[in-house]
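My structure is below; once you've seen it, I'll send some questions.
Residue numbering begins at 1 within each chain, and the chains themselves are lettered A, B, C, D, E, F, G and H in the order written.
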């Protein structure tokens, strides 16, 4: 996290074992210079912590929340139920079913409480950060500019790929 | 609910629209004379209500909790996180995927917070009540006796079936 | 759409047959007084229209884009590739597989181009609108206030439900 | 198993190869000082053994039964058909389909014969033990106290996690 | 059933509600003049009946057994565990998941106890009868002859189909 | 294969790469002293070979046919369409989807042409052999006797398992 | 079919019951004036007919073959094994699993024998015809011209859609 | 690619990481002496490149296009929307769900824009090339001849397989 500014994006994950995959989210935010915070808070093992974290998120100055979990992934839904901030969910592959359980448990929210769900795993972690940046960029022209650079760079990298047969 | 006794089983469901299926649970408890209570409390739309209901369940004298929901069915997990009572989950078919989403969101709980999950839909509603009765019967011999009668009756009904070709 | 203000949310869907489900999105926005626009533009049958619509979305003043499609649901991804606005995807049940195809085709975006995906079908349509409102509310206090009212109302409605056995 | 007391929980699994995962169940019971027994008994290869084990479970003083199997996981259902004790099922990943077969074969019991199903694999093994403990704790205050300690400990462990970027 | 001969094929199903689909099996056997018997016996609600029926099947003169069930379809496996006769399983669509649960619960038998599984539902009921007939025909030339006629008839019927555009 | 007797069971598989798994079928037959033959014949790459092999199976004296394949596993169905012998199918895990493709492609046969399908992979290979033996045992008492011994042995092995905690 | 020209596209389906869906294929070809033929030929019930039809397809002047089936949909693969013409497969929803069985049985062909698979059901029937037309158009400029018109028309139709709220 | 002739088949893939699997396509074309081109162009990260590549494909002399991608695999659909050439899609296993996501996202195209989809992964890469060759062979007798040789060779290789037990 940038030392000198208040976090705009909060990242919460259900278990320390999610960190290996989820660190791609703060790394992406870092790349765009977006201040952020992250921590573990389980919807099931530490429900008070998770709901308190969510309930105070707006007051702490957060603008977007990213929640990641595996298995019966309730964390994003629990967070979305306790804040009015936009909540982005990242389903993680757990111990079986290759992430399908976490995907359905994150995305199939009933009407009234939305979770914007990204892809399973690391691609989702990165994209949650990028979607948070798109949201923040609505009122931060310098971030919009950085997004443009990011996409030009992505384009350039793809265009420079040389496939060879050996 | 039997008028003259405190509820032993609490049933909670995520939406009024679940009642058509879930009423099979209190009907089954009624058949065994088990006092119970039921209500709607959404993990997402009324999280405080759901967690408060769970947190006070033991103090209200409940011994077993049944929680039913569809889609990203978090209710049983949320309840299990806020009580030490045994929690039984009933996944309900929602608006897509034929109940697979609710099943995975209910059963794939991370270690530490168990939800005993029953079948999708009405069979699960009935069986949640029957599993609650099995639990209560551990210290209530008259319920154990009723269970024996119930199974004898089930057996008799199956044995009397006559299949005919016309 | 409110007559007197520029649209803030753009809704695009892949087929006129999606309208029966997707109209729940503009209806929800209407309820919050959020100006919006909607139209049909197929990623496959009218790719120029879809990409042009996406490319000019920001210039038209849109802040959030909602894209809905069924089957091999590419529309949200195509839109996200042509705008830097936040893009929300709604997978719709098509002619087979109960919406699983649209869900996976919408949510499993590769890193670099995020789509915040909501639930399959009408719940997703409503929640896409609500997530758009959460995003807009970051800089519009009156919307944040309306969200609070909306959730109080939802809570009240759940709490008033009376389940009866007859 | 504690040497000096009669088993309260019986654990049965379909194959010796399940032991690597399932030993997490007796280890969890051990941690709570709950006397237990465990053995292999296949619903298919040794049906008499399995049904006899189930039929005599209550007479042996067991209060809760845990049954684990992979593939067409019938063991929990067979056990539930031969005892009135509460039966908890643990689906195990087998040789294909990542445990989905065992999950559906365990959870989708027809009305009349309930199996409280836990998560696939090791998380399910641990949670089956914890759910058994929740059931036993209904009439054993010292177990309820241990559950409270367990959850406080779990909470403390989550709260102490420090995520670092290096 | 042919009045004057002992049944060669036994059909058992888990519930009277399966009869609407499963009657296609005895109807097919009837068409080939194969004596048979059928009944309801639930692996879960009447386990003694089901195992007794299986255990005595060979002594009653049965040569092939067909077992059909929905949901956590254990019946075929239970039967196969109690007889050395060839056992054919028919998975039936139950109350959710479109028969996938019954298919996996029937077919994914562990090594040692085989169930030859047919298609979900009515096609499976008919084909179980036809596979039983193929087995019986190994030592009954008149059945082999009838099979030949059956296939010629099937071929003729397909070849005579006229598709028209109006 | 026993040298001095004509094969009773024919095993065919779609690719040489299936042999590592499928050799468990002839090994099982060997254990029971059942003469057999096996070969590779692809329904797609060598359709004439596969159909010719099936068409002449009965004339070569085969009584039961086992067909195994992965992916869009057509081999068992093709074989079943060209012989009146009982056909047993073994779905194999291929290069994706963990064998679900082969399972559905083998088991979901249309009415008229039955394939008795066993479990995915090696368990299915062994069980196909055992089901073939059950069929052959109908008219070979010595095989029935061997089956009894086999199951007694299986029972004994399960009963002797000692689970230990170290 | 145009009366005065030899068929260029052959359509084969596994059952007369497929015609309700599959007639969309010849109707689409008709619209482009492409001569064609269609018939029922089951890979399982009439294998000789199906293979003969495939083997002689090129000699009859066909350029592209469309094969449609449900369940364990082998027809396209069988056809592809007996002709060198391009083969397009249409998986149809059968009696269970919503077409997933037919999709996997059609598309997961092993290397060496390709089937170009279209969407499940009617969309696939139409698109198989359109892909056949794209193939034929490679050497028929008038068809390429018609394709251009078709797509302009499709575009126009989408662009003219007016969504209204009443 | 053959040096001295214009490419007839264009291969495009969504990421450089697809090359390890997809190189099987150009290798197969090489084996038949079919001139071709290949490159990376992402539907999401470089949409202009992808659509431009597709739009100019016919003008560059391409006759068939092969598009491969993983996850929410939109590339084949995007390409098919921008060319009238026949488009063949290869779904690739991505970071989760074993390729099911890419399969559904490629094959479930809405009516109007066909993608002929091959198997997931390397088998699909090879078969896409072979289907392209079948299409090209319609007007190139020397390719038809090579296809015949290829299939004879495949047949010969299968027929020469010797399975041994050691």
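We adopt the following convention: a residue touches a chain if its C-beta (ideal position, glycine included) is under 8 Å from a C-beta of that chain, and two chains touch if they have at least 3 such contacts.
No experiment lies behind these values; they were computed from the predicted model shown.
The minimum number of touch steps linking subunit C to subunit G comes to 1. Both subunit B and subunit E are touched by D. One simple way to say how far apart two chains are is to compare their mean CA positions; for subunit B and subunit D this gives 19 Å.
In terms of their C-alpha centroids, the spacing between subunit C and subunit E amounts to 49 Å.
Taking the mean of the C-alpha atoms as each chain's centre, subunit E and subunit H sit 43 Å apart. Separating the CA-averaged centres of subunit D and subunit G is a span of 52 Å.
Across the assembly, subunit H contributes residues 42, 45, 71-72, 96-98, 100, 107-110, 112-113, 115, 119-120, 122-123, 151, 154 that each touch 2 or more other chains.
In summary, the structure contains touching chain pairs A-B, A-C, A-D, A-H, B-C, B-D, B-E, C-G, C-H, D-E, D-F, E-F, E-G, F-G, F-H, G-H. Against subunit B, in their complex, subunit C makes its touches with residues 93, 98-100, 119-123, 151, 154-155, 158-159, 161, 163, 165. By the touch criterion given at the top, residues 14-15, 42-45, 47, 51, 70-74, 77-78, 80-82, 94, 96-97, 100-102, 104-110, 112-113, 115 of subunit E touch subunit D in their complex. Those residues of subunit B that touch subunit D in the complex are listed here as 63, 84-88, 103, 107-120, 122-123, 126-128, 130-131, 134-135, 137-139, 144, 147-148, 151, 154.
If you check the complex, the residues on subunit A that touch subunit D are 16, 19, 23, 26-27, 38-42, 45-46, 49, 71-72, 95-98.
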